[in-house]
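Think of it as A, B, C and D in the order they're written, each chain with its own count starting at 1.
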Amino acid sequence: MTYLLTSLVNGLVFGLLLFMVSAGLTLIFGMMGVLNFAHSSLYMLGAYLGYSIGRWTGFWPALLLAPLAVALLGAFIERYMLRRVHRHGHAQELLLTFGLALIIHEAIKLMYGPYPVEYAIPAELARTAFSVNGFNVPLYRLFIGAVAISMFVSLFLLMRYTRLGLIVRAALSQPLMVESLGHNVGFVFLLVFAIGAALAGLAGAVAGAFYPTGPNMAEDLGSIVFVVVVVGGLGSLEGALVASLAIGLLTTLTVGLDWTLAGALAPFGLSGWAASIGGLFSITLSSLTGSLPFIIMLFVLLFRPAGLMGERS
Amino acid sequence: MSAISLSAVRKRFGSSEIIRGVDLEVNTGERHALIGPNGAGKSTLFNLISGQFRPTSGQILLNGQRSDRDPPETIARRGLARSFQITSLFARLTVFETVRLGVMANQGVRFCFWRTAASQREVTNDVLALLDDVNLSHRASVLAAELPYSEQRALELAVTLALRPEIILLDEPTAGMSVEEAAQTVALVRRLTAGRTLLVVEHDMDVVFSLCDRISVLVHGQIIATGAPDEITRDERVNEAYLGKGLH
Amino acid sequence: MPLDRRDVLKLAGAAAAGFAAPAIAQARPALKIASVETLSGPGSTVNRLWSLGLKYGIEKINAEGGWNGQKIVYAEYDTEGTTGGASQKTQAAIADGAHIIAHGGSSNIGGQITEDVRKWNLRNPAAKVLFFGLGIEALELTGAKCHYHFFRFATNADIRIRALVAGLKAENALGKKVFSINQNYSWGHDIQAALEQSAGENDFTLVDKVLHDVNKIQDFSPYAARIAASGADTVFTGNWGNDLSLLLKAVQAAGLKVRFATTFLDLPGALSSAGSAALGYFHAELWNPQAFGAFGQELWTDYKAKMGTFPSTSEAKSILALLFLQQALKTIPEASKIDVDQIAQALERTSYKAPTGDVTMRAGDHQIAWPIVVSKVEQGAKFATDGTDMGFVPVKVIPGGEVLNTVQASCKMQRPS
Amino acid sequence: MNRYHRIAVCLAAAIVLLAPLTFSDRYANLAIRILVAALFATAFNLLWRQARLLSFGHGVYFGAGMFAAVHLMRANEAGLNVPLILVPLAGVLSGLIIGLLCGFIATLRSGAYFSMITLAIAELIYSLGPRWQALFGGEAGISSMRIPSMGLSFAALNEVYLIVLGWSALGFVAIRFFAKTPLGQIAYALGDNERRLQFLGYRTHAVKVCLFALSAAISGLAGGLLGIAAENVDYTVFGPASSAAPVIQTFIGGADVLFGPAFGAAILTGFGNVFSDVTRLWLLYQGLAFVVVVMFLPAGIVGSLLSSKKRPLREAIANTLAVLLCSASLIFLCESASILLSDSYASLRANQGGSWVSYRLFNIELLPSSPIVWALPLIVALAGVLVSCKLKRQEEAA
């Protein structure tokens, strides 16, 4: 019971974190058709900048400045790099972001070394929020969740009640419409890219203090975030939210389950035979935690190619 | 038996219904035109018949066989070929190669990877004949994207005809052409589609009247009249709906 | 000077001129040792340490006159972190005339090199080379993959677990319920298997065991929850790097009252990132500067003076391996030709008197038998480690013979006739 | 190109390709890796060049070929007698089968979706790799040893090179030939306009699956060739690095010219081998080069060279000069940063009481606190930018 409860909290928070990163990715794709391979690198950059800036200014100002810096970088990438290759098509844009991800990864290692840095939780948040049967749930974990939820609310309000939100929503439902919007499309793209980058940067700055801030954090999260947006439906914010939470919960809950395929065959009296074959049959579910998101994604693609909430195919 | 038969076909996109219960019969061997104001749903209807969209309800028969659940390639293999309003051919292929795609589809040379395409003499002969038909022989080795507009339309026609279809759907074959070019194209279509079923979407009424046996008028996703050209010009509802004035 | 650029240039120079050049004017050939290590990309900072230790150790031996009337020649090769790169660089090292190839960083890469060396020796009996495993601890290397020209100078999972269990018992810290959490690859499997065996031989039960993805887990709190649910007294883990410090932090954050018995808490970065979460935990390794007494103190200060940093366990183990080699070389008469089979033979017969006790190389599988120091992480230790105020205080030294596992049945060593 | 030119080029190519037969293991190995990388990149590019499908998971099929070859070699050791020259066929077969399977799923979608699915498949296999002990041999992988066959011992790699050369040539010919077959033509058209092709009655999904399987089969061949050379393989071959390699190599070389990918692969593999010994920042430079090419030479190096024939020599020289000046300064700054930011430099500084300590780069003693150290590379970079700006202005004027 303790296990289930704490895992639920952990899974929800991890899911919300996934959403912070995938929201920007799915928005950018829905609007601009660009699959941003460097998006999780921006998340990593947010964490490192949060750490670096935090050393000068303290934690709280860094939480504001780091996403801002990442947003500026995002704006630069959109304005001076993506726009340049736009006429060569989406594939060229995708390649560019792929190259950027490589560079950011290597540059981070050059600047900070190959090991995680000591990005610490501020003292005022380094407490226990509550205890379940003597098992402590850290306050910071809830803080991550709170930041993610407030981000979701402000994003929702932004989309619902501002002119920018109106354009973005229109563009998401009618992609061809963006093209007929006229000369301010470039600025809208710039804003969307910068906002997406800022979200990723904020997620990094918040999560980096809790999860390790190391040069592999982009790679580790990147593929899962891709899974999230595909499962949710590219371009769908609601889909991204549902998929984030589902994958967050699933990967957290399966950690404790030592089920095997051989065990599943037990009711048919085949478990001995399956276990003797070994291989795939004797792999435990808990050891598949890392693979699970990809398996889910393949199933979604096979049976609901547009994703859970995606309308367009 | 009709070549194309639609009954109570509806198509909905999100909250808006574009096709609202269309019944249409195109007889085998006739040249049928589909006219109507902009936004009436002509292109959507074409896309439904050729398999790009599935109708929300209703059914479509091709030569008496149900086709509204089939993908485009199956419908194409049943002998229906269509051209496109926006010329959309293959940017990296030459005129010759483009037509060859159509001929290979017709002759069933598809998943062949043990011989070069150039070594298939029957295919080559067919392509050359078709190019000759549409007067593009001298352009054979030019990239399709580099042709002038009217020649691209001719190429589009050649590819469509290469399939040797029983039923041909032409989407505005003379759009954007000068009067002279349009007349040439009409003559070409007339000559090359002899004996086949033809369904044309066209804005130019001269073209419609000189080419077609029967006309259907689509307004707001519904067919309001079908008949011979002179019947249609006399139809009051058509005159009313069609921009509120006479057709001539 | 531990300046990277210089090493690289020196290396390039060595490869171009000194190392590859035939010994024309020299009456006797110099022994050549090649360090094939991951010197770029992820993992390079930790893996470099093996090379730095070798460099220091060889300079030390050379200062004492080298061997065979010559200074021992040293060169570095970068595997780029891949087995393919390791294979390539092993070939390069052999082409440059290396007699001994040394690797410490990863069992994976070590497994590739040992296979490459085995094949080379089979195919080129006139130009054999030796392979020294400085830190690669996978049992397989002295098991199914063992061969006459491979020597392991490090411990293995069995040795570590035996030592930890014995040490914790002596400290009355073992408890009755033991939890095993390990990375899901051969090292983790080895540790778990050794622990299962130990549970049969000792008075404790293994209440739960977990294998998790290597370097993929961001959040260990689900595992902490599992540890809490098991009610364990002591947790044994072979985890290293992030997987270790995150585990310790998660357990600390959850407020669990358990002891940890670890094997890689001494790697650079581990103590500093685990911080206070590591206090009071146990560790077993063949090196501990405090347990090595005056020798340890001297190495500690001299290394710092020459190389700029205090030696980590990796560097120390490189140096200790070289000292053992030096001992063996002393028994070989100087000659105009270097015969690596002869060196191998000498290694098998050498007995080295370390400050912690006698060290021998077992002939059956070429596993070294070092006395193992079980230590405890404490604040204000004599040798503060990893930039913290904490260090490893020895609690018990266990003689090598007592913790050495038996030769694995899978090791079928072909000895030269 | 007249006939004599052609003969001269063929002769030069023959000499370059046959020279490794005389090499020692060390360089024969490099030659093998270059050929294998070239074949792999070309096979990868089959998908992009024809059907405009961008795969980010081709390491899977390469790895499958490598595992298949090593497994077959192990069977050989156990008594099965397949001559070494036929072993790479195991790679072709496994690449083909897995390519059909994964290709079927991946090609259900196009564009960015396709890329993400291929990536996910690769991640899936990569994460399963170390779990599936029997097939992949855990994290240590599986290894084998070449057995003499057909009168050759295959102990030395230059003998293996002969096999690699033969099969690679066959692979290249197959790829070239495929482009001319009806299926190749259809695949080509598919890259331009899939919808239109469907209306011609082609089952485009089937075409894509076939193309994917062919690409995977030849990738598997490349893997199989590396398998017989390395005699060893582990699951890291499925990792992101091996899937990224053909992407980077292809687009640096030029994706729309036949030998572009092969050129890119050869250059990067060769340079990588040389420079990874000299600098630790090789991957950074490779990433920078990739982005620069994507932004400024969308046709890749070979593609740009072929299309810019008509440009005057002076312009080409000026362009090259600008690039050289800028990259020299960039390399200097990066290398300096890598030293100055390293732990060892920090500890050196700490030893000196925190004052700046000189460091050595390219055999020059440099003091970080002296302005000239930083001013000079900036001036050099500025000069490069000026050259390129002047060029641009002249171009506009003309």
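Following the convention adopted for this analysis, a contact is a pair of C-beta atoms (placed from the backbone, for glycine too) under 8 Å apart; a residue touches a chain by one contact, two chains touch by 3 or more.
Just so it is clear, the structure is predicted and the values come from calculations on it, not from any experiment.
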item	value
Longest centre-to-centre distance from chain C, chain (CA-based)	B
Centre-to-centre distance between chain B and chain A (centres being mean Cα positions), rounded to whole Å	46
Mean-CA-position distance for chain C and chain B (Å)	75
Centre-of-Cα separation between chain D and chain C, whole angstrom	34
Interchain centroid distance [CA atoms averaged], chain B/chain D, Å	46
Sequence positions of chain D contacting 2 or more other chains	127, 131, 283, 338, 342-343
Multi-chain contact residues (two or more partners), chain C	41, 44-45, 184, 213, 216
Multi-chain contact residues (two or more partners), chain A	113, 287, 290
In contact (per the touch rule at the top): chain pairs	A-C, A-D, B-D, C-D
Contact footprint of chain D on chain A as seen in their complex	29, 33, 35, 81, 84-85, 88, 90-92, 94-96, 98-100, 102-103, 105-107, 110-111, 113, 219, 223, 226-227, 230, 234, 278-280, 283, 287-288, 290-291, 294-295, 297-298, 301-302, 305
Touch list for chain D against partner chain A, complex	48, 52, 54, 56, 105, 108-109, 111-113, 115-117, 119-121, 123-124, 127-128, 131-135, 240, 244, 247-248, 251, 281, 283-284, 286-288, 290-291, 294-295, 298, 334, 337-338, 341-343
Chain D-touching residues of chain C, taken from the complex the two chains share	1-6, 8-9, 11-12, 39-41, 44-45, 77-78, 80, 82-85, 87-88, 91-92, 94-95, 107-108, 111-112, 115-116, 119, 122-124, 138, 140, 145, 184-186, 213-214, 216, 308-309
Chain C to chain A touching residues, read off their complex	41-45, 184, 210-213, 215-216, 218-219, 221-226, 228-229, 242, 245-246, 253-256, 269, 272-273
Partner chain C, residues of chain D touching it in the complex	24-26, 29-30, 33, 127, 130-131, 138-141, 143, 145, 153, 155-156, 226, 230-234, 236, 241, 273, 276-280, 282-283, 335, 338-339, 342-345, 347-348, 351, 359-361, 363
